[in-house]
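Got some structures for you, see below.
Each of the next two complexes has chain A plus one more chain, namely chain B in the first and chain C in the second.
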Partner chain A sequence: MAWISGGFVVLLCMVAVLAPLLLSPDAPFQISNSVLLAPSAGHWFGTDDLGRDVLLQVIWGTRISLIVGIVSALAAGIIGLVVGAISGYCGGLADAMIMRTTEIFQVMPIFVLAALIVAMAGAGETRIIAVIAGLSWPQTARVVRSEVLRIKGLGYAEAARCLGISEFRILVFEIIPNAVGPVIAVSTLTAAFAILLEAALSFFGLTSSDTISWGSTLSTGQRLLYTAWWLSVFPGTLIFLTALAFNMFGDCVREALDPRSE
Partner chain B sequence: MRRLLLTRLLWAIPVVAVVVIVNFLLTRLVPGDPLVAIVGEYPVTPEYLAEIRHNLQLDQPLAIQLVSYLWAVMRGDLGFSFVNQQTVLSLVLQRAQASLLLLGPALLLATIVGLLFARISIARRGSGRVLLSAIVLFGFSVPVFWLGQMLIVLFAVKLHWLPAQGMASMRGVHGALATGWDFFLHWIMPGFTVGVFHVAVIARVAQASLRDAMSQDFVITARAKGISERAIFWRHILPNALLPVITVIGYNFGAALTGTIMVESVFAWPGLGTLLLNSITNRDYPVVQGIFLLSGSIIVLVNIATDLIYGFIDPRIRSGYSGGR
Partner chain C sequence: MTTETQPARPLLDVRSASISFKQQHGAMVHAVRSVSFAVGAGETVALVGESGSGKSSLARLVLCLTRPDSGEIHLAGERIDHLSNRELRTRRLLMQPVFQDASAAFNPRRTVMQSLEQALRCSATPPVDMRPAVEELLEQVRLFPASRLLNRFSHELSGGQRQRLGIARALAVNPRLIVADEPLSGADVSIRGQILDLLIEIQESRGIAYLFITHDMTLARAFAHRVLVMYKGEIVEQGTTEQIFAEPKNEYTKILVKAAASIDDVAA
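Let's look at the complex of A and B:
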């Protein structure tokens, strides 16, 4: 399972990297007279209402979805790691404050808030990444905190303390490296969540109209649901498969780390 | 019990406060001077600009503006939607009913189906585990708005079995029974789409809690007393296994509402989601803010209700007794 899901993500990354090398940047935007053609040998995934090739759009959209997914998961992972480590290691008031904050995030309707922010502040990939990362770090922070609390009491942390190593060094060199496993598991789940959230935002027409992503093609598909099913089927399947791959990979990492699962 | 209620209410205050303050601060995010939005390109005198600025309290410090915003929210004044020619409060409350009409039955059914899947997965050990993880992965990975589209393409556009959009037929139907049936037909596809995520969430938790309850001593005692397996399951295992399920439903209510909002826009269900989509398109921001405020408040209320139900069902929590196992 890990190989299939990991392999699929690697394949997508290759598509995302190779697309701008093999295609001219205008190709997915190229409008033509062949409007709303069903899938055929010439256009494998059909064409949209402006005569643009859906296959090219889907290939091009891979870039946005993957960049948003991976970068926001990375950013959320780093923020969560730092905040969670502080919370778990310092304890006391800082810990209580941080945990109450993450609780607030857990009950917020994240999508509505993200939609509100993007609608008001304006679209743009960087902004969307910032919003997704800014709203999804608490999950990681909670995981890191509980890991830090667990490891803090273990023998080797005690041993390091006896050797007179400073608390900060123990945290950075002993505890955090050992807490990284669960962070990776959570981060892959965050990536799946981010991809779905980005798709939802562009589906709601919240991304700028000059970028092509899977969600924006789906949004066109919603308008033309009765006439052009291919606009919805192909990009949606890819969103689904990508989120599935990240979720599966995350589950595999978690199971590999959990000794009880054997 | 009273102490539990009190602590939960105290917890709710900062959450709602954060939602309101975020809402207020977001209005400052909109690029450009709000006055430009009001007067547009029209050349006006500086005195007139100053007058509007004063009337709208825009010349006051941010803190004062925040206080008067809080005051307005407390009075239920969320602004006016010019697009819908209605106050935002009455608009979102009205639409929230339709959303809950979609979500409520979906959650109930998802609970039953999720429990059923959990039961099956325990009964068939090996293949059951595969089935469960397939359901969970599907529920967590499928973009609900896309799933909705696929159902429409298949069952409405190709097969003509079900109505594609809306909550009721355009023509209108007569009689209570016909109206109910008409609603049900419109509900099937969006209801299923909303429910998929919850079947996944509930099945996963229910599997763990059912298995946990099955291995408890009281089950052995009941079996030793000669009670039938069926009665053991319904009277002893299920009630004990339901607690975590109720909790997970309550705590995931935010995700539930969000999912409903996404699904509605696909099916043109006249609830909060369709309103959100239209308001974003029309740049009707007070409505978008109203939806955020209302959904945030609903979620907080549901979370409190969950804790109370939990305390009501489980006496250990009510009395603050946490020892035992």
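Let's look at the complex of A and C:
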């Protein structure tokens, strides 16, 4: 499973990186007379209602989906790591305040909020990333905090303290390196969620119309589900597989990072 | 109080130290109640008592990992319980811990070399050449062949090896007191004897004092010069090992001594 999910994630990354190098930027937007063609040798994934090649659109969409997924997971992971570490290590009032804040975030409906913000402030990947990262760091923070609380009472943290090593160095060199495993697991979930959310927002037409993503292709597809199944099936399957692959990949990375597992 | 003479200027002097904890459901636990005792240089003091009697809490107080609610802790003639962590930095090298759970005693991301290097770097005079210093430490605790263990992770060692590694780390900063919290209760019987021998040998060569925490009276009898008996957070009796075993005064001590004697009978 590690190889399949990891291989799939790597393949997607390669597609995302190579697409702009090998394709001209307007290739996926190329309108033609061959509208709604079923998959064939000429158009592997068929064409849409404007005669655009679905394969090209899907390839181009990989970029948006992956960038949104990875960048928002990365941002949420970093914010969560820092905030969670402060919360767990300082304790007291800072900890109490941070934990109340994360609880508030936890009951917020992220999708509705994201839709509202994008609808009011306008579309754009940066905004979507900011919204997802801004709303999903609390999960990571809570995980990190509980890891920090666990590890700071373990023998090696206590031993470091007895050696006169400063609290800050103990946090950075003893505790945090042993708390990143769960962070990565949560981050891949965030990435999968972000990809789904971006797809959903595009699906509802809440993203700008001149960017192509899997969600926007899917959105065209659902209007024509009975006449042109390929418009929905290909991007839909990719969204599903990618979210799945990120989840599984995260588990594998976390296991690989655990120094105790063979 | 007992009548035996206390060391003139003890290495460790704990005076009426108390600590209580608030438990999750809000109740207060008086883990350590007004405990006083001293440990002289080069002496082995066993702290015995059943599980939950407050031994580990007392060890953590001594090590300044938690601060007492009241009372004082003096180390080498200096009061340390009210010092900041920064002020404590060099002073706490005089005493080092050895933990019961050797598997959590080492950062799983550090190799044997890295863990011992970290400890050596904290010593008052860090060695310039780390590798020979680390190998020497490993040889002192009879971990052979040192050169092959250097790049292992602690979780790749056996339980006995890990416990020796714990002792090596404590020795790295040349302490005068080792606070060992049930260091043998995780190890099996054959290894216990070996590690006990190692501790005795180290004491003879370095003149180190031990505060040796155990719930095993037989072990205390075999190893300690003096015994502190702890019960429900208090030290109910203290004296030389002979005194405690020959004429225990406290009721609880009598029960412990009797139980230990009957175990010895079975073993004999």
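Going forward, the second predicted complex is superposed on the first by the 250 of 262 C-alpha atoms of A that agree within 3 Å, B and C clash if a C-alpha of one lies under 4 Å from a C-alpha of the other, contacts with A are read in each partner's own complex, and residues count from 1 in each chain.
Note that contacts are C-beta pairs under 8 Å (C-beta built on N, C-alpha and C of every residue); 3 or more make two chains touch, one makes a residue touch a chain.
For clarity, every value in this text was computed on a predicted model and none was experimentally measured.
Trainee: So if we stack both complexes on chain A, do chain B and chain C clash, or do they fit?
Mentor: fit
Trainee: Does the superposition put A:158 against chain B (first), chain C (second), both, or neither?
Mentor: Second partner only.
Trainee: So, A:178: does it touch chain B (first), chain C (second), both, or neither?
Mentor: Once the two structures are laid over each other on A, A:178 reaches chain C alone.
Trainee: Between chain B (first) and chain C (second), which, if any, makes contact with A:204: first, second, both or neither?
Mentor: Touch partner of A:204: chain B, not chain C.
Trainee: Could you give the angle made at the Cα centre of chain A by the lines to the Cα centres of chain B and chain C, to the nearest 10°?
Mentor: It works out to roughly 100 degrees.
Trainee: Check the residue A:115 against both partner chains and state whether it touches chain B (first), chain C (second), both, or neither.
Mentor: The answer is first: A:115 touches chain B but not chain C.
Trainee: In the superposed arrangement, which partner chain does A:35 touch: chain B (first), chain C (second), both, or neither?
Mentor: neither
Trainee: Return first, second, both or neither, reflecting whether A:14 touches chain B, chain C, both chains, or no partner chain.
Mentor: In the superposition, A:14 contacts neither chain B nor chain C.
Trainee: Return the chain, chain B or chain C, that is in touch with more residues of chain A.
Mentor: B
Trainee: A:166 contacts which: chain B (first), chain C (second), both, neither?
Mentor: second
Trainee: Touching A:225 in the superposition: chain B (first), chain C (second), both, neither?
Mentor: first
Trainee: Once both complexes sit on top of each other, what is the least C-alpha distance from chain B to chain C, rounded to whole angstrom?
Mentor: After superposing on chain A, chain B and chain C come no closer than 8 Å at C-alpha.
Trainee: Can you list the residues of chain A that meet both chain B and chain C?
Mentor: Touching chain B and chain C on chain A: no residues.
Trainee: Which of the residues in chain C come into contact with chain A in the complex?
Mentor: Against chain A, the touching part of chain C is residues 63, 65, 85-86, 88-90, 92-93, 95-97, 99, 101-102, 104-109, 118-119, 122, 153, 155, 169, 173.
Trainee: Contact residues on chain A for chain C in the complex?
Mentor: Residue list for chain A touching chain C: 154-156, 158-167, 174, 177-178, 259-260.
Trainee: Quick check: in the complex, which residue numbers of chain B touch chain A?
Mentor: 11, 14-15, 18-19, 22-23, 26-27, 29-31, 133, 137-138, 140-143, 145-146, 149-150, 152-153, 157, 164, 251, 254, 257-258, 261-262, 265-266, 276-277, 280-281, 283, 285, 288-289, 291-292, 295-296, 299-300, 303
Trainee: Which residues of chain A touch chain B in the complex?
Mentor: For chain A paired with chain B, touching residues are 100, 103-104, 106-113, 115-117, 119-122, 192, 196, 199-200, 203-206, 218, 221-222, 225-226, 229, 232-233, 236, 239-240, 243-244, 247-248, 251.
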